[in-house]
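Next, two complexes with chain A in common: one pairs it with chain B, the other with chain C.
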Partner chain A sequence: MSAPAAASRAEARRGPFPWDLLGVVVLAIIAAFTPDLLRFVFDRASVSYLSIASNALSLAILALSWDMLARTGNLSLAHAAFYGAGAYTTALLVKHADVPLWLGIPLGGVVAVAFALLLGSFTLRLRGIYFAIATLAFAEVLKSVVHHAPTDFAGGNAGMNVPALFRPVFIAGEMERWEVAYMRNEAYFYVYAGLLVATVLASILLQRSRLRHAMTAMRTNEEVAGVMGVRATRVKLLAFTLSSAFVGMLGAVEAHRVGSVLPEQSFSVATTVLALVTPIFGGLYTTLGPIVGAFGLSSVQELLRRTFADGYLIGYGVVLVLTILFMPRGVVGTLGTFFRRRRKGAQR
Partner chain B sequence: MDLNLLAQALVSGILAAGLYALVSVGLALAIGVIGIVNFAHGEFFMIGAFLAYQLFVSFGIDPVWSLLLVAPALGLIGALIYTSTIRFVLKAPELNQMLLTFGIGIILTNMALLIWGGDPRTIAGIAYRSIGYQVGGVSIGLVPLASFVISFTLVLGLYWMLARTPIGRAMRAVAQNRTGAALVGLEVNRVYLVAFALSAALAGIGGVMIAVIQSPTPGVGLAFTLKAFAIVVVAGLGNIRGVLFASLFVAISESLVATLVPNGDTLRNAVFFAIIFAVLVWRSRRVA
Partner chain C sequence: MSVVLTAKGLSKRFGGLAAVDDVSFEVEQGEIFAIIGPNGAGKTTTLNLVSGLLVPTAGSVTLHGRDLTTLTAAERCHAGLGRAFQVVQPFPEMTVRENVLVGAMFGTPGISRADAERRADHALEVTGTTNLAERDAEELTLMEEKRLEIARALATAPTVLLLDEVMAGLRPAEARDAVRLVRSVRDEGVTVVFIEHVMPVVRDLADRVLVMDYGKVLTEGRYADVTKDQRVIEAYLGRDDDAPPTDVAAAAAPAGASGDAAEDEA
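Now for the complex of A and B:
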């Protein structure tokens, strides 16, 4: 009996080594030390680097949550609606109810899920392009409704102010001015990191469960999947729930970080565009792909933003077109094929 | 209810329907013949508008003459985009096709933002812009009327072309069965190229007209992509003939809401999307 066969039998008994879970632990540890490391290396400039790092984490959450729904074969163009629902929930809570600030974040997720289930149950039978257009229409209607809600309720066109989650106090003599900004950004960074870890865990659990196969079957052909015993309605609504919960919470956190909510900004089509370009660039239907895409695109964006003021989104268009034409399976998919080929070549 | 107001709303709706039909029929052509759901369609429209603006500002060319210049220019741009990108995803999954055109749309919008900035651009100082007629208490502007007549003529011309001419017949054949059309000797790729260029040119002509009717910003592209989608969806994807009626339906409902609902003018967009959403959901339930 050869050694590989024994190893694979042992593997079958214990299950394959959980590389993905180990990856999460490593990522969490790296994230835990990132602020101090940045501060050590860049000193005062670390304030802005921390905020760039937070943007990257935020993009990763946005992209990964979108991908969880895309796995069922539904290209949603309503991600901005869930994001905006989360943002407006926390803003409305602050304005109209006397509750602790942090409560707006989980409740933002809950409200986003409510809207997602509403949209999901209406669009159960829509496929492909019809689903895409219907979700886009839903997002735009929600934007208009928020825009035209009574001004004293939701602020109308001018939006609402949202207080910051963290207000470090400046103590003269004990610290420098910039350290206040550093402490604030550090706190937000940890919130984003925590949310990303939660999103990644959800995504991994989904990929490890039987739902992964149900989703793949639905993506290939929903009718056939239904015949084979996949409860398509349930799986789809579950995907809607998970996807919107995380992006709703993200919207709420970002509302606090930015300090305001506006209909045009909170429900911007640009949010939806980012949510779908990132996983496509990184690699669809995986946990790693959207994260790789987020870090790659954030770097590109920082470079572009410094060069152009107005139309820097053009970079996303170029990335999208080039990805579809030259590596339709994204960075992760393309690299995976490349390494598999090399390994095969080495064996021969 | 003020009858005059109602009549005015109806007339404005009908006049707007012409332009909507012109833009949507191009999109329906791309979907029906090539099978490409073109999310960048409105950007051809937007480029048409800004070309007309630039021709006016740089060379003093009246938008009426721009119509003749912009149409071939947009046809050329459409042909270039088809040969450089769309051609390669004809057999790719629907998702990839949609995302590709989405990406092209983002590039075109942001290119316009880089060139012209985000402010509205007006073609100022054209005499006929302010001419209007009064017909029994209903006022009709010359420009909307002319745009309606031009659009309507072009749409009917397209219908005639599809019905009677060899290239139109070829398009219908390719739409019905790509392989079959190739087997009887049609150059499918060339038919697609012509259809896509034509689709872009029609949108460009519409753009020239919007440049005179409104003061467009680069954002007008996405707005009209969505309007055209609303109309094409109401007509049924790929149904080119239904576009005319769907345009009337959508434009009139938009105009009625804008006029009759208090503060309705800003709700225009919501009407469009509510119609799309309702039609899609209703159809999906009825079929099952």
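Now for the complex of A and C:
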């Protein structure tokens, strides 16, 4: 064994510097100061900037959760179902049970996991496109069930109202009108930030554990992985559980923020599409990729919307297509390859 | 010697076709056991039935007296069955060492990370791939890939290792290396079951040979005996050949990796 190899082996044993965990701390600190910073810079316009930032965080949670399942080689088209399950759970709780509002959020996660395990148990043998189609069907079935459930139970086509989690009170003379909206948005922002930090930590734990190797092996070839002792079924169900838990909680929070649940809106195909487009844009199978994708896409969309109010979605589509054409491994994947090549070139 | 692996009455039907039909054999501790036969004889299907990639229509597989028939491929791996594939499929997003580490970490449930790393390093050493450890798995040559394939399987700590046509596609010099490699695996105390087309390799390596044709066992025994068997010669060459050769080896060895591949070894 050569000396540098031995040195790198020793480093591996001690563990390399935990950049990923440091990243979480930095992210959390930035998030903690973001509302005040926005308010300082934009004054009353910060209300809408906070809302945009919350959307970006929400997209990051959705994308990162989707990626955790994708790492096992299963491309889910069911994330709208988990999202909707969470949203309807909290709405139904509010309507039918006298429990604290916040309880709907963890329970939304639990119900989403239950549905995910149900879906997981009968799609375990399916691979690739067949898996994707089955999951898409599952989301449509859930939407249809909610739609056709008795109206006085789940609201049918008209949906249900969901009260806001936070209701700051306007105190005349002590604050301005817009500050009420600011406080509400700030509170939601922190909820999203907290949920994103939890999602990121789960993703990092996966990436640091031996499960990362199991997932990569399964993604390449599930048969070979199995022959090498990887219990693919267990790993898949774990990935389903983690992935759906965060999306379910996200769906519940968003139901409160939006103020209502509707079959078409809570089980929207758009949610599923965003869940997979964002990691593809940012870089698949990493913790950083989906986050970069979420902030990248949100920024692009916002910039375009402000530049051409009409038809900005066309520009958004063009950006997406160009990215996938020229950066098939996403922003993070492409940059990673670029830096690795440069380092290798420097060594030679 | 004691029997480690038993296949009893293994059958696999695909619709009306019996790919494997009532195949039974016993493999003894520490031996190198070859499965040969013409293309389509059902050799790989048999290996898939043993390693759990296919569910048999009938029959059973026993390892160390433990019935594996209802277990998944992963559970059979944990029980001590290793498997290397004919079409080598390394995990391309990992280094060579990480590939081997997958086998080490998941082949033995509950193994500590440190033990898995030690086992992976040992498997790299046995297969002569230590110097490739930090390379990306997608940068390997075919022979290096084959070494990796065996290293991965070896890292799962098998008592029986199933090898599917390790020599396929190798040049003669490489085939010689591969023969040495299989021997060193056996010297690790691992029982080897292998499928092979290159007859000199079979002659040099195999303690016993099982001959299959049309999904059935034709005969079983020492290399020298089975290759003289008239049924085996017919299976390989057909019954009404113009010039009936008497040596299966000469007829069955494909071009490229023939004769001299193992001659020097003998």
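Please note the rule applied: the second predicted complex is superposed on the first by the 310 of 348 C-alpha atoms of A that agree within 3 Å, B and C clash if a C-alpha of one lies under 4 Å from a C-alpha of the other, contacts with A are read in each partner's own complex, and residues count from 1 in each chain.
FYI, a residue touches a chain if its C-beta (ideal position, glycine included) is under 8 Å from a C-beta of that chain, and two chains touch if they have at least 3 such contacts.
Owing to the predicted nature of the structure, the values given are computational and were not obtained by experimental measurement.
J.: Taking the superposition on A as described, I'd like to know which of chain B and chain C A:158 touches: first, second, both or neither.
T.: neither
J.: Go through the superposed model and pick first if A:26 touches only chain B, second if only chain C, both, or neither.
T.: neither
J.: Determine, for the superposed model, which of the two partners chain B and chain C contacts more residues of chain A.
T.: After superposition, B is the partner touching more of chain A.
J.: Per the contact definition in the header, classify A:134: touching chain B only (first), chain C only (second), both, or neither.
T.: first
J.: Per the contact definition in the header, classify A:122: touching chain B only (first), chain C only (second), both, or neither.
T.: First partner only, chain B.
J.: Quick check on the superposed pair: does A:276 touch chain B, chain C, both, or neither? Answer first, second, both or neither.
T.: A:276: touches chain B, not chain C.
J.: So, A:313: does it touch chain B (first), chain C (second), both, or neither?
T.: In the superposition, A:313 touches chain B alone.
J.: Intersection of chain A residues contacting chain B with those contacting chain C?
T.: none
J.: Please name which positions on chain C make contact with chain A in the complex.
T.: 51-53, 72-75, 77-78, 83, 85, 89, 91-94, 98, 101-103, 105-109, 113-114, 116-117, 130, 133-134, 152-153, 156
J.: Which chain B residues qualify as touching chain A in the complex?
T.: Interface residues on chain B, with respect to chain A: 37, 85, 88-89, 92, 94-96, 98-100, 102-114, 117-118, 222, 226, 229-230, 233, 237, 263, 266-267, 269-270, 272-274, 276-277, 280-281, 284-285, 287-288.
J.: If you look only at chain A, which of its residues touch chain B in the complex?
T.: 75, 122-126, 128-130, 132-134, 136-138, 140-141, 144-145, 147-148, 269, 273, 276-277, 280, 308, 310-314, 316-321, 324-325, 328
J.: Please name which positions on chain A make contact with chain C in the complex.
T.: 1, 5, 8, 13, 210, 213-214, 216-217, 220-221, 223-233
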